[in-house]
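Structures are listed in the sections that come next.
Each of the next two complexes has subunit A plus one more chain, namely subunit B in the first and subunit C in the second.
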Partner chain A sequence: MKLTTIFGTIATVAAIAFPAAAKDHTLLNVSYDPTRELYVEYNKVFTKYWKDKTGDTVIVQQSHGGAGKQARAVIDGLEADVVTLALAYDIDAIAERTGRIPANWQSRLPNNSAPYTSTIVFLVRKGNPKGIKDWDDLVKPGVSVITPNPKTSGGARWNFLAAWAYAKKQYGSDEKAKEFVTKLYKNVPVLDSGARGSTITFVQRGIGDVFLSWENEAFLALNELGAGKFEIVVPSLSILAEPPVTVVDKTAKKKGNLEVAQAYLEHLYSSEAQRIIAKHYYRPFKPEDADPADLKRFPKLELVTVDEEFGGWQKAQKTHFADGGTFDQIYKP
Partner chain B sequence: MMRIKKRSVIPGFGLSVGFALTYLSVIILLPLAATFIKTADLSWTQFWSAVTSDRVLASYKVTFGASLAAALFNMPCGLMLAWVLVRYDFVGRRVVDALVDLPFALPTAVAGISLTSLYSTNGLFGKLLEPIGIKVAYTPIGIWVALTFIGLPFVVRTVQPVLQELEPEIEEASATLGASRLQTIRRVVLPGLMPSVLTGFTLAFARAIGEYGSVVFISGNMPMRTEITPLLIITKLEQYEYAEATALAVVMLVISFALLLFIQIVQGRLQRRLGT
Partner chain C sequence: MRTKIGAVLTAFTVSAATGTVAAQDAAPNEDAIQSRIQALEQELHNLKQTVNTQQTRTNENAQFEELDQKVRVLERKQELANEEAAAKARTTPILSVGEKGFSLQSADGAFNLRLRSLVQADTRLYFGEGNASDSDTFLIRRARIELTGKLFEKFDYRLMEDFAGSSPTLLDAWIKWNPDPRFQFVVGKSKLPVDLEREQSREYNLATEFGYPTSLAPNRSIGVAARGLLLGGILDYYIGGFNSTADGGSSVTAASGSFSGAGRLFVQPFLNSGNSTLKGIGFGVGGTYGEFEGAPSGYSTVGQRPFFSWNPGVVDDGTQWRLLPQIYYFNGPFGLLAEYAVSSQQPRIGATQATLENRAWQATASWVLTGEDATFNGVKPKHPFGFGENRGWGAWQVVARATELDVDNDAFPTFANPASSASKATSYGGGLNWYLNPMTRISADYNWTTFAGPARPDENSFIMRFQFRF
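Right, the complex of A and B next:
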């Protein structure tokens, strides 16, 4: 496990560099890819908050990668104090396989343990040459859609479910929804294994007319990857993505970090953290704390949740993404 | 292989064989054994359905087919490259020689991404190939390109030392004895080189079967068409189906081992027949 080695080394170096002034904490936050910038800023804020409150020093180390890979690293022994991942399903997997997180973890913090939410939107090329407005335009012949493989990418599962939810609402049944999604995936020329790979395919290689993307990633792509080359299109309906956070109790306890780890996550709900969250294009749980100018960037649209629409992640995973599920059936010859 | 062919002047047969076997066990056999044990979590029917579903069968075809094609292509090309490097002296020979090793050193993901940028429809080569109807990136041809790239050094580096041993005088002798150029190549040069070419082929082939990093970027990963088996293993892991993932690994191991063994036997026959 390469990551473990890296963090082992970092931890050792840190241990040597900061010898045991009794109340120094080193937290390891294992997260997924697009939260990088958010946590860089939040960690600074939290370190200061904790120092002011208790006088203790906290160093927060970050690990980012595909959510599934990150969850597996924790299962295989990466000593995360907190995990902040893309899907509840991945945290469930850690809880189930290691017993380091209690089964009821999701009820421990407000809003299903999601201090921020996001959704899936469309990124199109400048001027929107194919005139894409809503999900229906994605199944038209000649429109090419870029999305990663839902089997290997957490984000891609949100995309799939968002399309399904739209079609079900629009056409009335799961049967019709399946037909719709099948048609949509016939328009997908490449299934990258992760969200970052898909971004490269769309932005760098110039393949595809529409890129299904996390809202926060779409904003990042607008600002950083290709200024003035893309536009965001917001569909009439999408899915409410709730990336959850939780303390890995047993690991944090063992490292003597339980208290600070809990505070680290609780502070995400504070007004200063909610402000930072909105700044980094995540939808804050408490919009009243965010800068109104930041909030204006989020368009209003109808959002459905996985719990209401699909009966929770466990069920959604089984019906749609497990072997023989609806996604596999799309590619049945 | 374990028979001692001749009494060696250096003593210590027992010790060295003991060491070799222990080393082999710790480094290779133990991890492999762990793989086999992990699959024991599955019943036979589960195992069978995991390794013979349509998508998996399609992926074997892609993986073994593209690997074979790449290794076969590398055989003559690698031989030629080795020949040029050994027999001719030209400006920049050392640079070319060093270049051959690059696919060894380059992180495979880097190779995959650069090849994809070159061969995708807006890339340098892709742009030229598209008008004549050839698509490379995101097709099986792309997989073949990536596997050819990573396999080349294996052939060159195994043939090179043998070629260095093969003295040009032998070719001259063959010529003075009245052999035509074609005869010299066919009867004198190639037989001496064949075993090493075959070894290079085997190594390139084996490496290609297991390759993941460079392929996933250029293949496009479309189910039934361009999905390689190692990608399906990762897919299973993403779904926390550890046992099914190892089941696929076991099948790949068994097929690869059978193929390698077969080639080894063919090579032994060949060597005996040629009397080298």
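Right, the complex of A and C next:
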């Protein structure tokens, strides 16, 4: 018997058993903790947009957690098509350690690949029983502060840097700033791994007097998670948080998703998406596309940037959050 | 509260002043004044006590709140520790040891590795006229180490080596793409499941040695195959292409141009029905077709002594085909397995060639004395052997078998010597299997074999086996 006959017969059986699959895409968006609700709504909009444009079906799966942990998961093999993380350093780390993202990733989309920004504010209990008005109130004895762990959470790193920036401006030096954040973290009773975990700690478990929170997360708690139970306190100074997004090129290409992954992120800059972004309490890159009523909710406050104040994320990470960095020095659980 | 005390003091002062004025207006009554002072002092005392009590309560509330926060923090920390442990468990490989051997599995189940072994230690004794005692022996029939597992969820693999012979033999080395139970694709060296008894895992065979139809079927070979279960498992199909092998033989490398197609269809029509009487019936047919160039195999009795061998210089050179109809039936403790085989080959010696058809059949019946179900995949004792709770005597099974192999008469005398080879062997046997537990089995078979052909005494063989599967 000829080998060709054998293979031909087997191929025929296989062809009968398995007809060709339809052209569907399943994207995995690996994101940080508080973006769940935003992407649930955005994914619906995008899948419809893509279906109308190409006829293809897209299912977007979401994975959320502390940004640092999420980046580690991608580095360890989680097959993300896109990452939408809390800060650029975590995406840099993925690019460096896996080679799956080009080094120039941040220049591929407008506004350093940040379709939305946010900042850090205080969430306090109704009536502000501890009279918290600014950062100085957080280091007072008897004030319990809720913030996640900067080792695993992007939001927590923004919190840390905002406190440091305030203290440095207020007291004049890095040494004084270090003393200030040391006192602050002495008032932290529990460190969650991500921002959503801290929200649960503060809102649902009733722990702490003040929650250092993403602005969007604070609004969410104020209006939806615990309506009537909390107040937002806007500090005199905070930090401009720029959560970036990018395609994990090699993974998306391998999965046959490169084109749809790129479109998924580009569409975040569309008018439709920018409106959704503002609706979910993120500050849109193009405010002119958002509902003015949504924009009115954002308070005006002095914002410093990581680049200006800390020399960029690479330097900030190395100084404060790397092993043996400032945080390791000041925080003793 | 301080305001209230102030009011009382004011009232006291006013009262005192009023008293003074009143005293100027009328003669003061000292006793009355004294009495009012005492009353007011008492009232002041009471108020101070009230203030102190409320202060104490306030302090208690503060302490309570502080304590409440501490408890909440401890609970939350425990909650986070539990979450972390659960998350860790989702990525921690699982090591397990049990009836199915050692296994190591990735947390998501997409990868695993299982280490198993099979040891069969035999005693062979032969009785009667012409059965020289020098054939009696102890031997290790099989000593297999097996690595099986899964890769990327959809790929299975198996590597099995047998150390029982004079040198280790690679029995299985295959990888199977397993996208769906309806279609599996196997590449490598594997068992050719065209006959029923070899399709059964070796540890579950009812008798210690195969019946004669298996002697005519191929053993293992290298090739590719597709296999699957259709109609909810009712139809088991198998089709593949392999290096050709001699009867009962295995192939390690291909002879030039010697390829065969192999296939099998097996139906269990009542598998998914509620009919318990017919549920365990299955029947089908297997076969091979191809070219074979190489040395043909001789045949041995079920007592494992050769009774037919080819003349020196005989080679198979031409078309080779086999057909093996087969059936089994299991119902409660009863089991029946029967098959027929015909194997056609074209042996050649020098310029002389013939087409020969050798035939064999067997029927094996069994009964589990201890009441467990007999199945194609063995007997699982309800009460493993031992002493104590849920222990007992294991499972006991009796087996009876008749089997025959008939060599084509045209093989004689050109291709086989009628003076030394029998043309037919018919064996009748009975045996007892003791399943001590799912991993351990002791078997004893007696077989009486008669021969057609040269004057050859009947063979009386007794084989006892200790089998350990882990």
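To be clear about the criterion, the second predicted complex is superposed on the first by the 301 of 333 C-alpha atoms of A that agree within 3 Å, B and C clash if a C-alpha of one lies under 4 Å from a C-alpha of the other, contacts with A are read in each partner's own complex, and residues count from 1 in each chain.
Throughout what follows, a contact is a pair of C-beta atoms (placed from the backbone, for glycine too) under 8 Å apart; a residue touches a chain by one contact, two chains touch by 3 or more.
Only a predicted model underlies this, so the values are computations on that prediction, with no experimental measurement involved.
Legend: residue contacts after superposition of the two complexes on their common chain; A:Q61 is shown touching neither subunit B nor subunit C.
In the superposed model, A:R205 makes contact with both subunit B and subunit C. In the superposition on chain A, no contact is made by A:T326 with either subunit B or subunit C. In the superposition on chain A, contact of A:V190 is made with both subunit B and subunit C.
By the touch criterion defined above, A:T98 reaches neither subunit B nor subunit C.
Once chain A of one complex is fitted onto chain A of the other, the partner contacts of A:S144 are limited to subunit C, with no touch recorded for subunit B. With the contact threshold set out at the top, residues 189-190, 192-193, 197, 205-207 of subunit A are in contact with subunit B in one structure and with subunit C in the other. Here subunit A touches subunit B in the complex through residues 68-69, 72, 93, 97, 149, 151-152, 189-193, 197, 200, 204-207, 317, 321-323, 328, 331-333, going by the rule given at the top. Here subunit A touches subunit C in the complex through residues 1-3, 5-7, 9-10, 13-14, 17-18, 144, 189-190, 192-193, 197, 201, 205-208, going by the rule given at the top. Every residue of subunit C that touches subunit A in the complex is listed here, in rising order: 69, 72-73, 75-77, 79-80, 84, 179-180, 182-183, 185, 223-226, 228, 237, 239-241, 259-261, 289-291.
Only residues 50, 53-55, 113, 116-117, 120-123, 137-138, 216-217, 220-224, 231, 234-235, 237-241, 244 of subunit B touch subunit A when the two sit together in their complex.
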